[in-house]
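For reference, chains read A, B, C and D in written order, and residue numbers begin at 1 within each chain.
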Amino acid sequence: MNKNKIFNDPVYGFVSIHYEILYDLIQHPYFQRLRRITQLGMTHLTYPGAVHTRFHHALGALHLMNLSLEVLRQKGAEITNEEAEAASIAILLHDIGHGPFSHALEGRLIGVPHESISARLLDLLNDQFAGRLSMGIAIFKNNYPKKFLHQLISGQLDLDRMDYLNRDSFYTGVMEGKIGYDRIIKMLRVENGQLVVEAKGIASIEKFLVARKIMYWQVYLHKTVLAAEIMLISAIDRAKLLFSGGDLDALTQPLATLFSHQWSNPGSQYDILNAFVNLDDVDIMILLKDALHSKDYILRTLAEGLINRQLFKVQLSSIPYDTGRVTQIIRQLAASLDLDEAVSKSLVFTGEEQVEIYNPQRDQIRIFQKDGRTLDLSQMEEFDYFRQSNTKYYLCHPALE
Amino acid sequence: MNKNKIFNDPVYGFVSIHYEILYDLIQHPYFQRLRRITQLGMTHLTYPGAVHTRFHHALGALHLMNLSLEVLRQKGAEITNEEAEAASIAILLHDIGHGPFSHALEGRLIGVPHESISARLLDLLNDQFAGRLSMGIAIFKNNYPKKFLHQLISGQLDLDRMDYLNRDSFYTGVMEGKIGYDRIIKMLRVENGQLVVEAKGIASIEKFLVARKIMYWQVYLHKTVLAAEIMLISAIDRAKLLFSGGDLDALTQPLATLFSHQWSNPGSQYDILNAFVNLDDVDIMILLKDALHSKDYILRTLAEGLINRQLFKVQLSSIPYDTGRVTQIIRQLAASLDLDEAVSKSLVFTGEEQVEIYNPQRDQIRIFQKDGRTLDLSQMEEFDYFRQSNTKYYLCHPALE
Amino acid sequence: MNKNKIFNDPVYGFVSIHYEILYDLIQHPYFQRLRRITQLGMTHLTYPGAVHTRFHHALGALHLMNLSLEVLRQKGAEITNEEAEAASIAILLHDIGHGPFSHALEGRLIGVPHESISARLLDLLNDQFAGRLSMGIAIFKNNYPKKFLHQLISGQLDLDRMDYLNRDSFYTGVMEGKIGYDRIIKMLRVENGQLVVEAKGIASIEKFLVARKIMYWQVYLHKTVLAAEIMLISAIDRAKLLFSGGDLDALTQPLATLFSHQWSNPGSQYDILNAFVNLDDVDIMILLKDALHSKDYILRTLAEGLINRQLFKVQLSSIPYDTGRVTQIIRQLAASLDLDEAVSKSLVFTGEEQVEIYNPQRDQIRIFQKDGRTLDLSQMEEFDYFRQSNTKYYLCHPALE
Amino acid sequence: MNKNKIFNDPVYGFVSIHYEILYDLIQHPYFQRLRRITQLGMTHLTYPGAVHTRFHHALGALHLMNLSLEVLRQKGAEITNEEAEAASIAILLHDIGHGPFSHALEGRLIGVPHESISARLLDLLNDQFAGRLSMGIAIFKNNYPKKFLHQLISGQLDLDRMDYLNRDSFYTGVMEGKIGYDRIIKMLRVENGQLVVEAKGIASIEKFLVARKIMYWQVYLHKTVLAAEIMLISAIDRAKLLFSGGDLDALTQPLATLFSHQWSNPGSQYDILNAFVNLDDVDIMILLKDALHSKDYILRTLAEGLINRQLFKVQLSSIPYDTGRVTQIIRQLAASLDLDEAVSKSLVFTGEEQVEIYNPQRDQIRIFQKDGRTLDLSQMEEFDYFRQSNTKYYLCHPALE
């Protein structure tokens, strides 16, 4: 069989595929769907280069798995070929349940935690592959005894995060977010069954955390990125509302299904899954393009903003915006655009975003010291800096004249 | 006015916008539409990173214009601010008339040379901008006396080509296609009103031509890229045929308009233009996604191939495939897939692709020598290598079992 | 006159020379001498790539000056051509008084602050250039009214520092030390005669400070780098002692002069300067190579260590090493190598190194905020992290068996 | 034992050392000597960044060996650990017999083919390592049955060449010389015991050959590089002549030995080898610095030219310069500088340089085609371009006023 064994990747040069089952998974329509889901959604309205896909991200994370397994084995960790294949499967499929655009949108479209969809899709795939994904799924769900394999896939220094920071930095052109993934990986090892970083990799970890912090403020929560995200979610909410009231028709089949079914109704789950695996950014884009001609002012305004890049304004604050301020904006907007206040209200949004650069409660980055001890990063004074959680409150609305 | 003066670009770091009118043009929906047109169409099926857009390409070419004008001025070329602005407008808008996916598709969708659409759109924009694009349009159309300004925009070493080689190489990850654009630009100058390259830039030019040659064979005419291109064009042809026979309905408004109007009918031109500026990759993608459920075997096969990446096989030859060979394939295919031969015939494609790396007939690359003479590249023996035109004939069809 | 107007630079691509006097200065033997002085001395024993020279660093800093002046002018700062030339001269010559290897060595060789030598050499050059360096010297010495020009040359975000962090990171291969110089420079502007950074450059500044911190701990004060530095200084001290006792002869003329003259004796200053401009790394290297055959055990040991890379061990501590510990090491060493304790003592070194990443006392990094106010970086809470000064004490001696 | 297992390399990121004997070889003074031999000699007078050393080149070539062995093994080539170690030794030590500055200089200093010295040094090392280098030496000398191992070390696509093109391009900043080493290596495989390149790597090979061609004309035979090389060789010739006549004394011990002994006299060989392993660029540099004060006009002129970068002029021609032209230059020079014609004659040099990009006579690049056949590159029409050998004749002399 003539299989393409190497993918070109601008970020890493090449990504090699080491196991045959990986090709077959890549070829599967569930995985090909990820080609049509951008990694950063509407972020390209702010950073025009950021049009990369979840498909490429998954391949990139697989590449980092190849590198990591090689390093860990060279340092004596016991990893069988079967385990290496399973870990590769787990990282390759870690985003298989991802919906179009961002995680936030997912909540709106399926009304169930993303993890439930993922679990169901992995099981469906495992059936189709005659159970050959079982070990990979165990690693993914952290049910496999060698914990370090799961830690490569999900943790505060996992390969998912490493690839997306790397890739997002690369494609946005925000060079400050670049991380030294190769150096971090070279410093990985397994001690007592846990993934640890050798002490001489500490500078790379510091740079990694700073890069992550920078990516949050420069990209993920950049004001216009946030505005576009809020507008997109609101457009979907509005469309769903109109659809349920019979005031919107031209939807693609998958969207129509998702808008009209409830996951909580077990009888609907099969239909929802079936719609989900056919849903991608294209369905959302066509909804927005159609909405340019919607009779509904609110939906039309949101769609025009997203299609023609007339983004709402976002203000950020470290304390919540009080009701008076919000009401004032709603009134100003109504006056400025000659709107009904009820309509104006539907175009003013508040909410919060929380950033944690390093949260030792969730999972640790373990530093392996020359004296043989392993420390959690948070035990090192100089990393206090990264521990603070940071909440920002936003107020978002159309530009006032 | 709060204008974003700098765009991030992974290829160049930053792109600065020097003139206010450029922002206004970028903000215009005609230009924003280019965000939804990928530079390389279906090439991402072969090179997953190649999802960059014409929007970013246009900004990149503008950046190269900034650099070039600065170099030329430093070397004494007289370029007024008005001319610099006009040249910037011309390069920014050079792709404004581009349709979704490739140039090839354009022919199918509008049935008129791409240049006619471009010219009409530029005129429409010029009206909206109260004639302020006139000098830029003159440069674009090579009606402006300072010929070197047009040569920056269209020629064998123009900034369009320089950006796209650069950008396509970057996003595909085909590093061999990387060109030393900064070095070439540093070697530009104006002599007798013509754009020339100083002799010490000759190595950069050689590398540029080799890179171009490599990009043709590795990317633009890569077998699976070519297969996807052929399949896409054929899918559109098929959809149009079905539509005109009343056998396809669910089309977006712009596509429906383009499928049912003729440019040759002057009364239709307004509608066509209007549809065109609302048409982008999303319209094509939704057509393909819908076609997954088409009753027409041919359209469905093509759509499945493109959506789920089951690409046809391509053979290349330096002589045309004879009818016997083609007929044989059609029969084999019919047998293998249990198809009617008429259907099978509709899935077997032949054609040719021509590659010219350097064609001195069309326009020249002029080398400015130390002795003050200017030579055409083709007068230099060592560049003979690049002059040969190269025609390849293809035969493309679904994989035979 | 046929002048080379462009230098290739692996770090920046090209460095352009904009003023004719700069070529003449570059051609001057005082400046050519910098070709024979490595930027990082013996650091290449740890990082083999770090063999770059002060010559190239000076050109690199000049390149950053070119970029900075262009940005500042674009933002409206008034800078005459004469001032631009003068600022270029000042940055080009900022290291003209640098001796071989590190600053530390300088103290040993000339026994006078490096600044005195620089000032004298600049005056000598100014004489040779008929006073054409006067404005540049005024900028260098901060005697010129437009303070921002001096701030580009000497400050906590100056172009010297920016180039050396950049260049040292590049040549050592310690990628974590890479800074986004182009982004920082794009964010510079002049407000009230002071150099400031626009607020949106804050992430770049943060990354710059982290990079600087990392370079200190990974490179400048890396244990084996520090060992080599201590050994080199000690070798020179030892050689000088032996020379003054008549126990060393084969020295190059410049070294012999410097070893036998005192700057404090005004009659010697002319000879010292004359020797100094002929002194470079080659003189030190030949001393070390000769010392491989020295009869003096101490000098020979140090020289062998440096030539054949048998580096001493370094321990670091945040409190000084107590005398007992040092005495113990001296005795162990004496026993282990069968040495006289007096000899052993001469091979055991203690001392301290201080690192300040950002010291608001010395000079400020000024952040220009959107509201028009200018803040010192140290007024921003999140930068507290970088303000702590950090002293490390070292203990350095030959490896004990 | 505390061994440094990873070297930083700006070109490749990291170089890992996989076998313990490699550390011991790297630590050996014969190998440490390569730290003091620059890869490109005086080329830094033209390209200031080109100060990299043979030490780093050898480590870089070792890195490419690591990569290549991994690829070949993945594709099924049988390579035992012992063979991998031996091949690593062979590539690490391939330049062990290299003298200071260029190969050309070697001829002057030792009067015996470089290979003889190498062979003797390898044997000496093998003795010191108790015969553990024997297999490595066999591979180096092409006496080992698995020919592909030698082909990795010496051939038209060997790892030595791949690293030096890469590294020289990197450090000179001549980006056009950059090669896609990772892509070429990924395409290597072993067929019938021979090293071959898979057909889909053909574009990388083409780019490799063009890069090589460009490096010749832009760097290795750049006019000022050539001038410096000629001047250096002539300075050494002159110094040797003066020394043998008793007119030069201040030489380092190794140089004095080499100037006064003949390899053809077997009794001298031990002394010559002993001097050779202590000889490096420092000895040559100190000779030149001393020669600034020489009484001999010719030596002094050459030394001043090299130390203060007053390089001679070089003209190139595709036919030899006739005697008349040379005599004319000698006379003009004599007149211009007021020299005796005999002296003037000693400062005018003619000679030739030959460039072969690809010589199928010497060794082949074998392309492995999809149909299983292996073709020599020279059988492919499109590579004719690279087959022509190219001879240039030079005329070199001090600038005429």
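FYI, a contact is a pair of C-beta atoms (placed from the backbone, for glycine too) under 8 Å apart; a residue touches a chain by one contact, two chains touch by 3 or more.
This one's a predicted model, so the numbers in the text were calculated from it and none came from an experiment.
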item	value
Which listed pair, A-B, A-C or B-D, duplicates the contacts of C-D in over half of its pairs	A-B
Label of the chain whose CA centroid is most distant from the centroid of chain A	D
Chain centre separation (chain A, chain B; CA means) in Å	32
Between chain C and chain A, distance of the C-alpha-averaged centres to the nearest whole Å	45
Between chain D and chain A, distance of the C-alpha-averaged centres to the nearest whole Å	50
Multi-chain contact sites of chain A, meaning residues that touch two or more partners	13-14, 175, 183
Residue ranges of chain C touching chain A (in the complex, touch as defined)	175-176, 178, 180, 183, 203-204, 206-207, 210-211, 213-214, 217-218, 385
In the complex, chain B residues that touch chain A	7-11, 13-14, 27, 29, 32, 35-36, 44-45, 47-49, 51-53, 55-56, 59, 170-175, 252-253, 278, 282-283, 285-286, 289-290, 307-309
Residues of chain D touching chain A in the complex	6, 13-14, 182-183, 186
